[in-house]
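One chain, chain A, links the two complexes that follow: it is found with chain B in the first and with chain C in the second.
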Partner chain A sequence: MIVRSQIVYSRLCAIVRELAETVGRTARSRGLTEGRRYAAAVLTGAPQLAAQVQFGPEHAYLVRDSAATVLDRFAFNLFDGDVVIVGDPYSGGSTPQMLTVVAPLFFEGELVLFPAVRAQMADLAGEFPGDLHPFAAETWQDAVRFTPLKIYRHGVLQRDALRFVLRNSRAEKIVAADLEAIVAALRASCAALVRLMTEHGRADVETAVASAIAHSRRVAAADLEARFGGRDETAEATIPGAGGAVPLKVRVAVGPDGLTLDLAGTGSDPSGPFNMTPGQVKGYGLVAALAERLDEIAFNDGLLQLVTATAPKGSIADPVLPAATGLSDALTGHRLAALVRRALGLAERLDGPAPAIVAFRPIGAEENPPVALDLAFPLAAQGWGPPVLAGRRTMPSAEEMEARERLVVLGREFDETGAVRAAVRNDRMPLEANFFLPQAADGATAGSFTLTAEGATRPLESATIVPIAEGGLVEITYPAYGTRADG
Partner chain B sequence: MAHWNVGIDVGGTFTDLVAINEHGEIRATKTPSTPDQSDGVINALARLAGELGEDLSAFLAGLPMIVHGTTVATNALLEYDGARVGLITTKGFRDEIEFRRSYKESVFDPRLKPPHPIVPRRSRLGVSERVDFKGNVLTPLDEDEVRAAVADLKAQGVTSVAICYLFSFVNPAHERRTAEIVREMMPDAFLSLSCDVLPEIREFERVSTTVVNAFVGPRVHAYLSHLESRLREKGFGGELFIIQSNGGVLSADEAGRYAVNTLLSGPAGGVTAGSFLGTMSGHDNLITVDMGGTSYDIALIENLRPAVTTESWIGRYRIALPMLDIHTIGAGGGSIAWVDSGGALQVGPASAGSYPGPACYGRGGTRPTVTDANVVLGLLNPDFFLGGEMVLDKAKAVEAIRREVAEPLGLGVVEAASAIIDLVNNNMANATRLVTTKRGHDPAAFALVAAGGAGGIHAGKQAEELGIRTVIVPALAPVFCALGDNVADLKISESRTSIARLDQLDFEAFNEVFQEMEARARKRLSEQSIVKSFETRRSLDMHYVGEVHEVTVPIRSRTRRITKLNLDATLNDFHVLHERLFAHKDVKQPVEVLTLRLDLIGIRERPRMNAAEFGEEDAAPALKGHRPVHFAVEPTIVPVYDGGRLKPGNFILGPAIIEQWGTTIAVYPGHECLIDAYGNVIVEIGQGGAAG
Partner chain C sequence: MDKRSVVLSQVIGGSLNTIADEMSATVTRTARSPVFNEAHDFTTAIFEMNGLKSRLVAQSPGCTLHLYAVAMAVDRAIDAFKHDLQPGDVLLASDPYNGGTHIPDLVVVTPVFRDRKPVLFPAVRAHMGDVGGPVAGGYNPHARDVWQDGLVMPPVKIVERGERRTEMLDLLVANNRIAHWIEGDLASMIGACEMAGRRIEALLDRYGLDTVRDAIQANVDYSERRVRAEIASWPDGEYVGETFVDHDYQGQRDVRVVCKATVKGSDLTLDFTGSDPQTKGFINSPIANTLSFIFIALTTCCDEDIPINEGCMAPVTCIIPEGTVINPTRPAPVGTCTCSAGAEVTEAVLLALGRCAPERVGVNAHKMPLAFSYGSYDDGRMWVFLNFIGFTGGAGAAYETDGWGLYPPLMTGVILPSIEMTEIQYPSRVLKHEYVADMTGAGRWRGAPGLETVTQHLVPSLSSVMMEGVRHTAKGFAGGEHGAPNRVFLVESAAADAIDVPEYAFMHALPPGGMLRTVRGGGGGWGPAIERDPDAVREDVLDGYVTRDGALADYGVVLDAALELDRAATERERARRVAA
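For the complex of A and B:
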């Protein structure tokens, strides 16, 4: 029976892998194809997470939590063929511009297993095109909030609902194409799940999922207990809030039931963009504690059940509407992961915030798809490659950027300190851009920007709507968090 | 005197040889591989000559050609034992090979080590030059900087130089001029130019492939020269050919120049043989699987053409050349079974290898493996392993499974062995399913070709899992790659990046690129004397604007000129293929061409294979006994046949076991098999699965 369950569960995992692969291959936006900013999962009707691919901390809990919001909202009003979207930091989400797309699937009349994809959209309104607003004080400046909304009902496209979504985007065609790719991939997964349950029987599939969840929980709990059992440490840092430094404090305790994060003492920043939702807090805690084992343990609800987190309501670890959350993954998550690692006595760093730029046509254009100028990455503390928390992002090809976007990468290389220096010239058209320069743990900025335009060169810090004239040159330094492992 | 064509495949353990003469006679030998692979090649030829009663020199003198599959390039890369490489690149871009486009094999593990640098940073030098995406020179090549860079590399002891400039696939002038300077200053250096190796967009993929070519090139070149001169010394007067990663063969000289093309030279033979077997058996769509001691290789053949990929990573380096799409997982006879801390059974990916090997080898191994489980279940005969050359210790297999699996799981030894086999079969079936579904196919529509020593035992069960109805275990299963070497055509794959929206295509320019590629390919193949005729295959890498992954679509054209009509048909094919692969299409979306591809096939004379007349159905003359086999907890006494004595037309109803040198075939309950006219074992799997 154990082996039979393993076999059935491995089939289920293959379905999720295929879902993720298809989304990555067929989406249009660079955020999904190269940034890999999405997760794919299959959930149970409870909902519990049966299996997930792309389980970085920014997604770990949030596919399940977003799906739970959908089930809660629609309760007895879900049917085969429905597709529901939700994208709201305060409805099981985290950062803005991220949509969770859920395809409820009924087998023998019940919601047994269903697939979901959580993906970053190119633009969903907000004050500026794209997802980078370094000074957002309210979540609406980051993006429009999508509470659960059916875009397919009984398999029929709800044109009014989809139009509502798309007309709230400055990158309508790209968002439409991404949604279409995601829905097609979800439909294929639904078909595969039906085949799986038909072939093996619903009961066996449910047993397999339950058994896999119990197994993951057992293995991970044993691992936590073996490595950190009895540990109870507190670590703290600060986040550069809108009104000054905000304390981020976490007490980390490991017991037989898993990891407890108590963020008492963490401050609030209701008008800054660094707030993180409770699901994010648990995600960063989980990945920080188990990173070394995550490739070996099936990622499912068994792992999610291991972390409990509490934080003062209204703090940056449990904000209240309308606090903005746009830069939580870019900075607060890194800081929290570092604190949890420190509290657990783990030397290897996962964190490493990076400077970010999102460029767009001058504000006012109706169709204005943003372009993320993610030219390179900070050097990980391990001395090679990007930090763990950078996820699976693919660095763009300079040749493709030049041929397609007319953004000419003039160079990107390590300097003597291990930092990566990159320069890009705008040969496209007059652009504007938002810049975000994160603050390192020691208070210094992590990286730097300079802009050369019309003969003048000036350094930049976090800024919005900075004009980049045609021929303008942006130089970016990505920090080194370690010493290059030279060859 | 008969004229033999010879295929020789060098594997990790054995060097296999298959020879076919003009009368359709086939000979096969297996000799141990040797550290200097040429020794193994000569030994195999000497053994064959001996079996034919000929003197080696006289035999070699009569050979028109030898086709060779070699692992020299693969070993050089996997063991990082290649040339001392220097890279000259566009100033500002010398770290692309280290950036790897951010790729890490394990995203989460902070302890993951970096890949071995095959071109260390001090040997990566940037020079001033820049060409734009249209091929215009923005910054002329600074030849003084090039000379300084070459002098620096020379002083460092570099022996192989890779050159990769941005947009050299549009305008290669700077790379070519740099190569001239390198030749002046380092006349003995091996040169690898990205505009020759991979003239395609995306600088990381191009530089990685070019650097790997520089790294393995001198090793491969030296080996092939060494082998050829040894063969000449022994009297060989024919031509030496090498099988490439794309499944085609090329002369040793050509292969040495583009050594990166030989990274899959070994397994490519097996896939090519699968395609040949399909022609013989009337199956156009096949999945070839090769299960050895440590790994399980899967490849797909659609309409007798093996699937090709440009997305390979080998030895942690990106190879973007078109290569046969061979998917490998860590599942083999030596895969270790273990119970994890959560109480679940796992099989692999760790392997016991050959030493100490499975517990039943009696070489000190104590951990249970797939081979041990097969021995416990009676699927493998401990007294007939490798044709009786090695005796297995069943008691040790039982003990290892009892201690490591059965007791921790609270199972009996037979149940535990069955669980091990079920799990490894499932792992292999899952991988096979992934290979087929990612190309939009249902595995049930394919026949399964099972090669390798362990393939025949597991294939029947995998076929059941996958809904496959036919399994073919080739008569030459233990030397299958060498058969492929013998039957492969010549092939040159050319590619050029030319980004354009399909609705805005400049047909003149488009046709010119194809003509230039064909002329170049024909020039390279024109000197190959064994070509009987040519076949040209053109295709386009296309995607919807914005997608970053391309779909390769064959162009349907009967002439050399590509017209709007052809392209409209190709566009339609693209939409259909996109839907098959990804479950959706959007005919309103603009489609972009990224890369033009041309394969020039030099078709060889097909070796003659003699089909024997079908004889009696009754296989009783080949019966060598009976033994208990555990298809379930309770054993079944099954007949055991001597594969060497089975004749075409013999029919066997499962359950049964067929033992032949190098492989064992399990015919499961509910399955039946027939020996075909070429000695292949064709197993038919009843619809609805097996009884047992």
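For the complex of A and C:
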């Protein structure tokens, strides 16, 4: 029975991997094809997370939480062939421009298993193209809030719903293509899930999922208990809020049931962009505690069940509408992960915040897909590849960026301190860009920007709509959060 | 058409107008936001499906600038669902590039079926207190594309076969800062359309579709005949009117709107070729908005007993080049189009027609500065104060008519909100609302007097001001003087210096007790001022609209210290001026 369950669960995981792969290979936006800013999952009707492939830790709880919002919203009004989108910090989501697409699947008349994809869209309106608004004071400045909305009903495209999504995008064609790719991938997954359940029987599949979830929970709980059992520590830092420094305080306790995060004492920042939703809090807590083991344990609801978190309502760890959340992953998540690890006595940090740039044609262009100039990752202590908090995202190909965007990557090198120095030249057309230069935990800036244009070089801090003339050169320094393996 | 048919047409036309009136009353009495139930910033209408094109057949007096704009919105909404329209459906739209004007103006429309086909469409167009986007209230002078104006709402079904599509309504509410308003306001708009649907059904049951259609056609034909008769009374020729928007709030000044009116028999061609290209800032007027302001200009040049329907526009051909400030291409921002450049469209048409029909023009030219504020109630809910009280005044004069009224004529259906209700609904006080002397365009008939309003917010607020009518004030006609410039001041406290807003102020933080002081310039005059009846000037002095000095300076009317008219001195002064 155990072997049979493992076989069935492995097939389920393969379906999820195929779902993720299909999205990555058929989507059109750079954010998905190169940046891999998405996650794919299969959930149970509860919903519980049966299996998930995620290319970033921020998705950990949010596919499930978003799906739960969808099921709650359409409790008695979901049908085979429906496809529902949701993308709202206050509906199980986190940052703007991120849509979760859910395809409820009914087997023998019941919602047994269904696939979902959570993916960043190129643009969903808001004040500026893309997802980077360093001064957003309200969520509507970040993006349109997408509460659960059916774009297919009984398999029939809801043209007005899709039109609504696309008319609220500066990258209409790319968003349309990405959504099409995601829906197609979800449908293929649905077919695969039906085959799986037909072949093995619904009961066996449900048993396999339940076993896998129980197993992941058992293994991870044992690991936490073994490494941190009985630990109960508090760590504190600050977030540079719009109204001044905001305390971020977390008490971390590890018991037989898992990890408890108590964020009492955390302050509020209703007018800044660093608010993080409860799902994000748990996700960063989970990843911080289990980073060293995550690749060894099946990612499913068993892991999600390990973390409980409480935070004062209205604080940056449980904001209330309309607080903005756009830079929660970019800064607050890193800071929280560091605090959790400090409280757990883990010396090695996972990662830290990095500078970010999103460039676009001067605002006013009709089709204006933004380009994230995420040229590199900060050096982390874990060695090769992107740091843990960047997940399994990939660095953009310099060749692709040059060919597609006419943004020429002139350099991308470690310096002697481990910092990455990258430079990109705009050979395309006059552009504008938003810049985000985060503060490190010590209050200094994490990294730096300079912009050279028309013979003058100037440093930049966080800013919006900075013109980058044709020929303009942007140099970015990514800080080092670890040391080079070669010393 | 025999007499019985004429009477029947009028009865049916009157019934449709009454249904539109009842829709208006329904909205007023059931909506939640003061924008609806106090200021009446909405209009209700009924359309007929004629092939795949809808046409306006009845309308209740509402906010004039919505008048014709709703037509294109209905057209586009119907077009979007032309193969998927069912009894009980209700459509909603607000997309500047899909038949809309500025984003806050939402249109709700429902089809009424007969013989399995949609035949008539009651519709409501109304201004929402907020529409999401980067800035509360939907007026963002920094906007450089339509998404910086607010949430774009292409045609969607919000009720499907009689069942509310709550997911779509939830989406709208989620993207609105004033959820407690929009829920009630949308319900009132839907309710008004559904009520109208029942009334229209009863009308169709009673008279039959063919008779109703014949009556509609007769009324449309009648309006067309009347408008054609008016145009035919003007001399054939080409007449040009030119005016300017002060600025686009992003550095471009003196944005030109020009109209060449060609009168040929009973046909009128309005050609806006030569108007400036679309601007970076949010003054661009989408085509539906421009047509609506043309419609306003034209209909107010005609007799007011002409039924308002599609027939009014039948004699008119409009040439509005794409890519101009009055027909921009997506995604140019359009947030303030219902103030400017819409007002300039009307003004340019009136200036052109003023050259061939001077006795028909004037009253509908105005310039409106926008000043609004927002903040939060104690319970955290947001309020957006659109400052309808501060917008008042500014009407121009016309032949045999002084400018009058507390609302610019382009918005005649909008009414001055009750000050008491304003003070109940907002954490605000209206400290002053008074005419100001010597701030109107002098003329044989003078413009409406200038008006000063002071509004105080008792809690912290953010205020934005968008000036208009400063560099280019309300125009005078037929030799009348132009109106005075508008001014708006931000006053942080009684002790602080007032900030005289030059072109605009954006989200200026006012402390509790902060004030908005609006000094609205009066309307333009009609005819030379020295032709004004000296007794009328004296009356104006006694009423406080004109000072004694102003009477002399502007009108050549001499009053003694007791404000008695010195006729001899007046005649001498006027003769001297004529001679000079």
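Quick note on the criterion: the second predicted complex is superposed on the first by the 478 of 487 C-alpha atoms of A that agree within 3 Å, B and C clash if a C-alpha of one lies under 4 Å from a C-alpha of the other, contacts with A are read in each partner's own complex, and residues count from 1 in each chain.
Convention: a contact is a pair of C-beta atoms (placed from the backbone, for glycine too) under 8 Å apart; a residue touches a chain by one contact, two chains touch by 3 or more.
Values in this document were obtained by computation on a predicted structure and should not be read as measured data.
After superposition onto chain A, the partners chain B and chain C occupy separate space and fit alongside each other. When chain A is checked against chain B and against chain C, the one touching more of its residues turns out to be B. Centres of mass aside, this uses C-alpha centres: at chain A, the angle toward chain B and chain C in the superposed model is 130 degrees, to the nearest 10.
In the overlay built on the shared chain, the residue A:73 is in contact with chain C alone; chain B does not reach it. Of the two partner chains placed by the overlay, only chain C lies in contact with A:126; chain B stays clear of it. Of the two partner chains, neither chain B nor chain C is touched by A:203.
In the superposed model, A:14 makes contact with chain B only, not with chain C.
In the superposition on chain A, A:180 contacts chain B only, with no contact to chain C.
Of the two partner chains, neither chain B nor chain C is touched by A:444. In the superposition on chain A, no contact is made by A:456 with either chain B or chain C.
After superposing both complexes on chain A, the closest C-alpha pair between chain B and chain C lies 22 Å apart.
Comparing the two complexes, no residue of chain A contacts chain B in one case and chain C in the other.
The part of chain A that touches chain B in the complex is made up of residues 2-4, 6-7, 10-11, 14, 17-18, 21-22, 24-30, 33-34, 56, 174, 177, 180-181, 184-185, 187-188, 215-216, 218-219, 222-223, 287, 291-292, 294-295, 348-350, 376-377, 380-386, 388, 390-395, 397-400, 402-404, 408, 410-414, 420, 423, 485-487.
Of all the residues in chain C, the ones that touch chain A in their complex are 80-81, 84, 95, 98, 132-134, 144-145, 147-148, 151-157, 167-168, 170-171, 174-175, 177, 280, 329-333, 380. Of all the residues in chain A, the ones that touch chain C in their complex are 73-74, 88, 90-91, 125-127, 138, 140-141, 144-150, 159-161, 163-164, 167-168, 170, 320, 322, 362-366, 368. Those residues of chain B lying in contact with chain A across their complex are 91-95, 98-104, 106-112, 114, 116-117, 119-121, 126, 132-133, 166-167, 201-204, 340-345, 409, 419, 422-423, 426-427, 430, 433-434, 437-438, 499, 544-549, 578, 581-584, 586, 589.
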